[in-house]
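Structures incoming, each one as structure tokens.
Note that chain A is present in both complexes that follow, paired respectively with chain B and with chain C.
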Partner chain A sequence: MGTYQCVKIKHNSEKHIWRWCVFPALFLILFIGIGPLIYSLYISAHQYNLAKTQVVFKFIGFKNYIFIFTSPHFWNSFKLTLIFSAVSVSLELILGTLLALLLINIKRGRNVFRSLFLIPMVITPIAVGLMGRYIFDDAVGQVNWVFRLLHLPRIIWYGNIKTALITMIILDVWEWSSFVFLIILAGLMAIPPEYYEAAKVEGAGLFPIFFKITLPTLRNVYLLAILIRIIDTFKEFDKVYIMTRGGPDFSTDLITIRNYTIAFREYNIGVGSALSILILIIMIFLGTFLIRLIREEY
Partner chain B sequence: MKTNKILMNMKYFLIAIFLVLFLSPIIFQIITGFKTLGQIYDPDQIVSVKNLSLSIWKDAVQYQKFLHYLKNSLITSITSTVIVMFFAIPAAFGLAKLKMGEKTRKNLSFEFLAMRMLPGIAVIIPIFVVYKKIGLLYTLPGLILIYIVFNIPLATWLLEGFFKEVPNEISEAARIDGCNPRTELLRIIIPLSAPGLLSVMILTYIFTWNEYMFASILTTSSCRTLPVWAAYVTYQHFIINYSMLGVSSTVMIVPVIIFAILMQKYLVRGLSFGAIKE
Partner chain C sequence: MRKGKLTLLILSFLCLTFTVTFLFAGGGKEKAKEEMKEEAVVEKELGPMPGEPMDKMATRIAKALAKGKKIELHVLLTWDPPGQALLKVIPIWEKATGIKVFTEPLSTIEMSQKVNLELASGEPDYDIIQYDRWIHKPVLENPNVLNLDPYIKKWDPKFETMLPGLEEWGIADDGTHRGFVFWPGMYIMAYRADMINDPKEKSAFQEKYGYVYDIDNLTWDKSYKDLAEFFTRDNDGDGKIDFWGSCEMFAPYAAGDTYMSRYLNYWARDHYVDYLSDPEAGKCLLNDATGKRVFKDLIDVVNAGSMVPEILQTDWGAILGSFSSGRSAMAFQYGATWYPIQTSASEFKISGPDKVGFAHIPGIKGKPRSTMNCGWISFITGNTDIPEIAYLFMLWRSSPKIDREMAMTSLHSPVREATYQDPEVIAVNPTFKAQFEYSENLFTTPAHLIYEEENLILSNHMAAVASGDETIDEALKKIESEINKKWEEVGK
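Now for the complex of A and B:
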């Protein structure tokens, strides 16, 4: 009887120990992560400009949101973000798959190659932006040097409305293809070799094997890569901001850069908050899908 | 057999091309820090590596107070990482090993993951306003606080995965031998998941070291971190200074590259929210 009670007390006290463990972290992120969002929602319904002292802080309802939806800059940003995200992610998927297929059967040096390929995605995004600034420079950059070597025309990469967004996409593909590659490679290595042997016995060719076996088995891996990359490209800020600040003539003005410009260069906090709430809604939408997927995997 | 060998050589050749495409820009960027502006603007020396010198590095140390910003970055990243672990380890331990309702466990655990998806731009505006009111704006502690909050979720989520990999039988055996939850965490769980713990620390360190947006908004003049300083010195006086670009970028990326190669095994897991394990 005595032992039983002892065990019971121990059991009861342990029931609450997890609270002491989990709640400090949880409260901290709720207080400083979620608290500001509520404040942001509140500000977004007000007229609030830090640069103009004559503008008073007052309630204006949905006017900030209406301002955003009627502004051509917002729709331009939204369109650019969609293009940037769609094109970058597709190219990264193709390149990443290609690299993974190249490396899957290589025994010698695979780990070395893998470590080398992961360098672009871990280095500081600001350094990537600065690097882009340098190698795509129209006069002293290495890209135009190669173009001159091949007798191709000199291109003004990021100083030109037509090619600025393309430059950003190239840079993003350079930075993140290896991420897709590493995910896909891990997925490929997890496919049981019996699948391929069976297909070979049946006499299937290289392409049917890829489309009938590899792709379907890797369905979730691809979905994961796509979702993470879409979310990240929607959040893209650092390297584009450091290269062009959204210019020239709004041709690289992604939605986060628009938000930054409104809030911290024009100091229009009210409209900035409203836009950030809109971005948050898009992210929640994408994030829900991603979390469902990871939940299945986990 | 022979065609196989040709195919293999072709593969190595293609990999070599990709490696050049992926790595040469970084190498050029690092080399730039050792060239003078005259060499950089000479069209015949765009890819040359002759006559490299340390003069720009001396400039950076002497006139641009580069060591001061390096110190800022180190303080910010190390402090944030330590405090993140201080909060994340117990939280992950609670979620992975302690008794609680299965539903609560799942919901709490995904609460942490969901927080990771929060876009920084969505919370930075109110934080800026509040910091301005309470005097935390343009101070390092203010920045560190944000880094802590934004890195706890992923750290907790990943650590939970690592702790779960410690077999329950070991924990149970420890309990029978008289361990309470605290000693179980300190003597069993932490030593057994040391590599995972280290990789989460390095990942948190890399994230805080690389962060730019918060730092650019919440710091100014003397409390800048390296990325903000790099952006600033490169564009000083509205002229882009490619030598300084090389120096500042090198300082930022070299430690990260070393860390990344050391923990390559865990990096993919960290960046894919723990969904990809090897």
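Now for the complex of A and C:
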């Protein structure tokens, strides 16, 4: 009985020790993650302007949220972010897949190509934005220089309401296709070669093999890439801020740029916090939806 | 006998008390005299001396105040030209006073956030903060900004020798001085001297338009438009326009400056109280005949195809690139932008006095010309332990000698009129002449709470009109409604 008790006590202490191990990390998360979030929720229900002391700090309930939902700029930003995200991620998936398919069959020099393709991804986004300003410059940019050589019409890339968002998408695709490529290449390498050999024996061509074997097998890899990239594109800020600051005429005013303008140019912290909360809710819904899709497989 | 002894004892005691009291009283007087003497010395030491230059006075007094104490000054500044100019002269201050200056340079973007966060904290970490005047109004009214009036009374900064209007920049709504301008910027025109001063071009222009242009006296509504149209041409003969008459800024925020450069000329001369908005009523004033006229003037040049096509992406930095790469005959921006091309520089296709000239921005016929003034201002934080030394540092920095020193050695924009007129300084920086010529008519950006928001609204609708997405009337209606909404947000 005594031995049993001893074992039980030991078992119990082992059972509970994890709580003590987890506690510091949990405390940190609560302190630096959940704490500010709760504070942000609190602020979002207040009229609060950091720079203008004339604006009195007071509780206003859901007025900041109502302000956002009735603002045409918010809906414009939301629409632009959806377009930016959908088009960028789609193009990145197509380009990443093509690159991965091209490289999977190359045995010699694959690593060299892989490293080369990864270069845009490892550049700081701010630097990409600064480079973008020059690459897409109307007068001295390399893109228009190539266009001139090819006798193509010169385009005002990010200084035109109609083309500014397209320029941002091109830059994002250039930067992040390599990330999608990397994930898909890893997925492709994990597909057992027997699948392809069997398909070839059955006489299947390239397209049937791709659509019937490669794509279904990589379903979860794609969903993962989509999940990561959608979250990333939804919080795209650096490049757009450096290149256009949301202009011209709000044509690149993505939701994060709108949030920054409200919170850190107008210092309207109340509305800025409310918008951050809304962005967070959107991201949680999107993330949960995509994670459920991945889980359905299992 | 016993009685006599007692009397003697009492008398001796009284004598002793009297002597001691007398001695002490006398000594006290001496001490008081000495103290008064010392005070007079200190007062003399801490006061201005006749004929003493301002920089010498500031360093002498600061040194006296810091005597026997370990004092450090903490300054938050930008690493843009205004900060660089100051960094160059700080060793002179340190050598003269023994007071070490610690600086933290930040980018302009970071600065706006940092200043507001520091002040919102209630306990700023710096003694002095310098910042872009653009964000000045909300900052100036902050209770954590020190009232400079007692120090100005003690040590006169001689505002009357500064450019007109600079003193007013630093005055808060309650009439007290809170800020100190040290780096003003004036909006001026850079033009292709090799083309615009060419007699052949002048006579060709006269033949076409029937009058002779004067680059120093252009008008927004006529000669500027004609000149921009005249110089827009196909230089390489491929049938496509590759050189434009003008380049102006239409990128977000920068477009506000473009608008203001005209608006001030049309309007501010007659109504020097409120412009763009009426801050008391919280009402946009743009949707009127003046606002329309300014818009029309601007868009006429765009619609005529006389401006470089990349205007919607042109901001304060990009305009130098457009002009110096040889794409336009005229361009407008704050004086400091043009400093790099005022002398010949191999990295620019267009630079040097043979190719680049500087002039006033155009005006309106029959009215004195105005230009917009912007720049950097600094203030002392309310919780500093060394307000006097901090003030003396700002005074020293804006003194005629240091103002000149910075103008000679860096991209400094002086505050003192004498610096702009100094032939040696002009030789180093030819734009100063053009800047000073109309310094009498300087107007600052509006000193009201929502200027930055107003500016972005204006910028975006200017882009929409320039792109043909909105008519001028539509744009003005939307501008009015959006600006009024911003006023509502700040409780108007």
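The rule we apply is simple: the second predicted complex is superposed on the first by the 267 of 298 C-alpha atoms of A that agree within 3 Å, B and C clash if a C-alpha of one lies under 4 Å from a C-alpha of the other, contacts with A are read in each partner's own complex, and residues count from 1 in each chain.
To be clear about the criterion, a contact is a pair of C-beta atoms (placed from the backbone, for glycine too) under 8 Å apart; a residue touches a chain by one contact, two chains touch by 3 or more.
Predicted, not measured: the structure shown is a model, and the values here were computed from it.
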Clash or fit: what happens to chain B and chain C when chain A is overlaid? clash
First (chain B), second (chain C), both or neither touched by A:V55: second
Should A:F264 be classified as contacting the first partner (chain B), the second (chain C), both, or neither? both
After superposition on the shared chain, which partner residues are touched by A:P208: those of chain B (first), chain C (second), both, or neither? neither
By the touch definition at the top of the document, which applies to A:S40: first (chain B), second (chain C), both, or neither? first
Report for A:G247: first if it touches chain B alone, second if chain C alone, otherwise both or neither. second
Which partner reaches more residues of chain A, chain B or chain C? B
So which bits of chain A does chain B touch that chain C touches too? 137, 139-140, 264
Within their complex, chain C touches chain A through residues 112-113, 116-117, 120, 135, 138-139, 141-143, 250-253, 308-314, 321-322, 325, 327, 449, 452-453, 456, 459-461, 463-464, 467, 469, 489-491
State the interface residues of chain A toward chain B in the complex, per the touch definition above. 11, 14-15, 17-22, 24-26, 28-29, 32-33, 36-37, 39-40, 43, 99, 102-103, 105-106, 111, 113-127, 130-131, 133-135, 137, 139-142, 145, 174, 178-179, 182-183, 186-187, 189, 221, 224-225, 228, 231, 234-235, 237-238, 242, 256, 259-260, 263-264, 269, 272-273, 276-277, 279-280, 283-284, 286-287, 290-291, 293-295, 297-298
Of all residues in chain A, which touch chain C in the complex? 49-56, 137-140, 156, 158-162, 244-250, 261, 264-268
Quick check: in the complex, which residue numbers of chain B touch chain A? 8, 11-12, 14-15, 18-19, 21-26, 28-29, 32, 40-41, 43, 46-47, 87-88, 90-91, 93-95, 98-100, 108, 110-115, 117-130, 145-146, 148-150, 152-153, 156, 161, 181, 206, 209-210, 212-213, 217, 226-227, 230-231, 234, 240, 242, 245-246, 248-249, 252-253, 256-257, 259-261, 264, 267-268, 271-278
